[in-house]
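One chain, chain A, appears in both complexes that follow, with chain B as partner in the first and chain C in the second.
After this line comes the complex of A and B, so read on.
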């Protein structure tokens, strides 16, 4: 990067800005920070923390009696996270603030990072597009590892008598699968697409807190390491829900779960906080609430949940860690605590978490439907209201997870009612989709195929969800494969299909390269067919009585389980098709993406590709919402103040 | 977030003003949202307190009505409230154009918060009960950790705001904090958010002091 001497138009004061060394000069060689230094920092941090924990608590009687030093394990992992963040440079800015540097001083670093080509993807950078791409890779990695664990689960369930794993190892695999999928792969889906797209969609050159945004990604990756550190410690036997008293009886691996949740919680709060403030404060002139793209509404609702529900998860994790290290008794009934306290705290976060996963999917589908139907989004305001309604109501339903585990029976009808109520705004969103599809001339491109699958899958997931909200059904099928199938239909069938739609749709913008359509269609059909063949039989398996998280089952269920497992392996192969498509389209046979391949009116498509570091040459003035498809004389979406990119001018037709 | 040194980036004065306003708005919104997040964290602790208190499993909510050292508790809360009052007073003086008054009040506020942190850590070393001896004891330890976290945020936020003030004065001259420049306006928005959070923290300390020492 070259530092050009431009006249001081920033209005930052009368004093002349000091001529600084190029940031590259200051941060070159051994002192530059990247993924490698993060790994070194994490390793050093772990050993320092572990040693410190032994010094602090090694002499305690309970440590000597149990042979397990929870303090050392906790400090080891906590210092590992700290070392990781320090190593990658995430703590430079907070420390620089101690000597009075403002965020504007830090911009220098960001400008530096923008000049580093592909290397920037391995560094701490405050460019929202780089962070978005880092999240894309991160989330795909989380999904890949979670998916491998799913394959192991289905392999074990091929046979009720012959076992690949022991019961302990099996539950470790199930727990890791659930935790990685629920807490990492799907809960932070705002990370990849939200971070990359929201500033572009609202006409902003930046996010509100770029350092917080980058911090969230690197904290998340640290959380991934912490969660997987459970395996050498013997895993955790609780599933992703971590119920006490099993939690308090579990071995050292439980610390990884509890600390991992706290660390991931910090990342979720940071990601949500940044995007929420960005949407509120950084909308371009003319971007009124009624012109906000529906995807941004979804991200807004999701981020509200991330920022307000996740502190409870953090508190729950913190109390669990205190139980194991400081020997408190939050979740130990014999000492004045209560295992139900965990359930309440966990699900107060956990149910909004379901919508943290679902809402971005609704937003993606809502954003794509008008593009591929060439119709305005039907009942836009109802969709936005539905999303906010879902977000609000999600705070009032958590006790339905306790129907079967000790809730006062008199409270059941109330939470049954609130749970059923939430199906109303969800239904709004579904009907908005149906209304948009009605009498439409649909273009069945790959992203649209995935959108259609979302409606099919989510209908099954949603209807079974209404069943489950009713106490009699809930009590009957609780803890079985019926519930398992229901939430896979909503989360995988809803969110994951929508995420795939979003990737196929926006990757050409993000990378400048088209995904191969033929492989994409193969990917879609294999994923759609085998997803349904995997999970639909599980409704039957559940109704026939097979419980979750148990590696042995009744002989008469073997055929259905075998069928489900074989379909699951094929489903896994369909993801390999996606991986191949990525590799093939991005690196082997590159097809340069047109400026606006889908003829979208979205503001993000009106920028050049690759998108400049500052997004917009001039801050756009928004003139209307981006859904005036097939309308004669519809105004341009925005006055960009510069030439309109090729394709944008014809997108309304 | 581009800078004037980013190649190809050449904002107009109107754009700079627009972005400065957005940044000030984000400081305002972010400050309030942070309080909202923190309120949910504290509410989780308060929920735990009342849940375990009402459950009273094995009559072990608070055997023998044991209480954490009261004098320490009142000292910590008083210091946090004092820090908040000083910050509020300082901000009032800053609005009247008295930067020095704000800085003096700010450093005193910083000192009070730092002292509260020290007393809080000290208190945790002299507790008359074992952490796992009762529901009350557990909740109190939880509060101790949250209290340390809260005061640490106060200390950090106050110190960084004061350090920024010093740096502005040394780089841009006296009165930079009051100037109409972007930097000056952003600085004052930051002071306001910091003060607002301190007021919220003081309120939360009053509530939790009542829970743990009075009820």
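After this line comes the complex of A and C, so read on.
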């Protein structure tokens, strides 16, 4: 075997170009880094951190009195995260830059990635398409885990008097379910589809910060581990909202919640910032704002929220950790702190958070409707403006979660108004959808079925949100199953159905394999029907007086709860059907996807499958937006044949 | 019949007529048949009001729901891809319609602003609509401030506001009646036709006092006096539930209450005050908020601290601010 000396194109050359190792040489060796070394690093990190914590705080009075060393728990988990990242190689690039060592150049990266084959999906890589696929697996793992916990909850609620779980265990399950699902839902579209698609859609060869993007995924998975570490620690009793002072009172598992949110928060900020800069600065020539695909607008609005709102969550989690480890009293009223502080910090993040979940779903629906109606997107500018309006207004509504909590009463009418107002831009997706459907020629492929379901479900979720925003009605419906059903309709009924639409639509591009249509139709109808049968009765259950997060409820509500639980089990089966479709279509009976199975005009479909490492052989010049359906003489979306001269910038002009 | 330029099908007109008829029918049916039975009922003015506001919102929401559903269903049937279906028209005419956009934005803005105004007026005119307003309520019935004074008196004939303190702790609600010597009861008993001021506080974590049939909900925060008002107008039984996760027995934190006639209530309260006088002396002096005794109650979490706060000693006699 001969090795080839690759040219040094890093732009840092001084004197003779260094002879780089071949991809084979750099790949092989005792210390190649991958998922396995990440696990090893995490285990080592945990024990080192825990030991350090014992050294630091083992002698503290509160540790000796309570038998719990929060410092050791915190440092153990923090070092576990550090070890995980170091083990997978996420810290190599910044470390190399700090010590002045050159990293792999562009051609080396491409060759290295290609040489790995399927193994690259288990490694730290700067290819946004690999990161996107890694996120697909990551969010599905979160989703199925959270789903299992949901099945446990519904099993417990079959009967108000007979209990499968003790009250402590039940609260653990409820808390883990909520937290896992919210963490998953935050990244479910931005992570897999945002990372995979945005560079292709804007005509870029890469994201702005490929290493930050890859880092965000491995931090996301670390956060998952931290959250699940709560279970061996006894869980946490606060639900996903983590209210103090219950948070301060809780056992060791609470650290997993606080640190888990902080870690996931870092991932969210990294992913958001990366895509934000990519969209702003890496658009291809000709990709003006008015030609940007609506999905990219949705991701832009979402990433603005991820970047700006998440620091509040991080700070809130940090204060909680300090209260438990360093004996500060941010949330302890008896020592001058305030339980209202946590509530406000949390919900200041928490409301933008739910729009982080809703907006990408709108983007997917907006992107898919033209393809399956063969019409341009109606009111494109209104759609884009609506998304940015929602993002802006989402920072001004958070106290609607606190209407009855004893906040300044003069704030209640103000936040009622702002919350009502946010329904205006949120409703624009319906204007856009209905206008696009008008006199269309609708092809009911599986992705389109899911899009229609998004409209149906999100309408119910959105309208019930108006009820909740009204303070007098809020007195009855806050804190019960009504609000629980509302957010399941918006997040699960809106976001998750949109995610399914996106997967069925883009997996053929991402994997080169079609999802089975027949199984997909079965999946859709079972998921849609049983989703509504599960959650619609919960509006009634809430109106009839059942609070959230209870394992005991009034006897007269048993029939409704039983009905909801049975439907939930069937809903769970529909997800198994989806998992089966994935397995069947991707591995068992593979149907190779045509180049453009949906006849889409989107730029991402103009690339070959599999998409090359650098997406486009030459940077395209964008000529128009991708919505010129049923328009005779419409120009092509882009000119893909323009040569890029040496040194030309890839940023949009 | 297939659509053509000579025989245009007025799709929107069809949908509008269907929507109008259905909305009217369903709204009327809801208002008269279902509306009177919508929770929380008619036991108090706030409960009645909350029910009415819910019903108003519902009759507005129902046409919105029907409108979109009818449109989606119509589209799926009439404009699906089938043999002989007309080709869609692209271009600028399909991308935008300023009339439709302006109409949509105007109508939705008008509806939500009206709803916000309606909710605000209702909030003010019903003294906070049964929700917790914090220690300094913005809207209170006449006499609410006087009712919190140490010399406040309530009788069946003086039409005063009756203050009732709701103390939440893991995992029980108890109630103290400051105008009856501050005795503590495990059951919430209230007089009918009376303005009630609930002063909700917690001894430990955040709870939420939800008087379901009373139409009252107020979070119980430690060291906070969260005030909510209502006026009883019917006798009967009410459920009390905790509606904020407060630990592992949150699901068991409920009890019941009763609304009785004024005379029955006064008799019960005076009798209980006398019967429990000795026990009441052992309780902490009545205060609007409490701080559990630092010595021992904290399990040694804050060692070396004699009391959490130099002013808020267990059983403070400070009146609500």
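In the analysis below, the second predicted complex is superposed on the first by the 605 of 653 C-alpha atoms of A that agree within 3 Å, B and C clash if a C-alpha of one lies under 4 Å from a C-alpha of the other, contacts with A are read in each partner's own complex, and residues count from 1 in each chain.
In this text, contacts are C-beta pairs under 8 Å (C-beta built on N, C-alpha and C of every residue); 3 or more make two chains touch, one makes a residue touch a chain.
Owing to the predicted nature of the structure, the values given are computational and were not obtained by experimental measurement.
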Which superposed partner A:498 touches (first chain B, second chain C, both, neither): neither
First, second, both or neither for A:150, with chain B first and chain C second: neither
Touched partner set for A:102, first chain B, second chain C, both or neither: first
Partner chain in contact with A:358 - chain B first, chain C second, else both or neither: neither
Partner chain(s) touched by A:380 [first = chain B, second = chain C, both, neither]: second
Which of chain B and chain C A:527 touches, first, second, both or neither: neither
Chain B versus chain C as contact partner of A:335, first or second or both or neither: both
Touched partner set for A:427, first chain B, second chain C, both or neither: second
Comparing the two partners chain B and chain C, which touches a greater set of residues in chain A: C
Intersection of chain A interface sets (partners chain B, chain C): 327, 333-335, 340
Chain B contact footprint on chain A (complex, rising order): 1-4, 6, 9-15, 18, 97-102, 104, 107-108, 110-111, 114, 126-127, 204-210, 269, 273, 276-278, 280-282, 285, 307-309, 311-312, 314-316, 318-319, 322-323, 326-330, 332-338, 340-341, 344-345, 348, 612-614, 617-619
Residues of chain A defined as touching chain C within the complex: 61-62, 65-66, 166-168, 170-171, 237-239, 241, 243-246, 249, 327, 333-335, 339-340, 373-382, 403-410, 412-413, 416-417, 420-421, 423-424, 427, 430-431, 434-435, 437-444, 452, 455-456, 459-460, 463, 466-467, 469-476, 478-480, 543-545, 547-554, 627-632, 634
Contact set on chain B toward chain A in their complex: 1-13, 15-20, 22-23, 25-26, 28-30, 33-34, 36-38, 40-41, 43-45, 47-48, 51-52, 55-58, 60-61, 130-139, 141-142, 145-146, 156, 159-160, 163-168, 171-173, 176, 179, 181-184, 186-187
Residues on chain C engaged by chain A in the complex (per definition of touch): 11, 38-40, 46, 49-50, 53-54, 57, 61, 64-65, 68-69, 71-72, 75-76, 79-81, 85-91, 94-97, 100-101, 104-105, 108-109, 112-113, 115-116, 119-120, 122-124, 126, 128-139, 204-206, 208, 210, 212, 215-219, 221-224, 226, 228, 239, 241-252, 291, 294, 299-303, 308-309
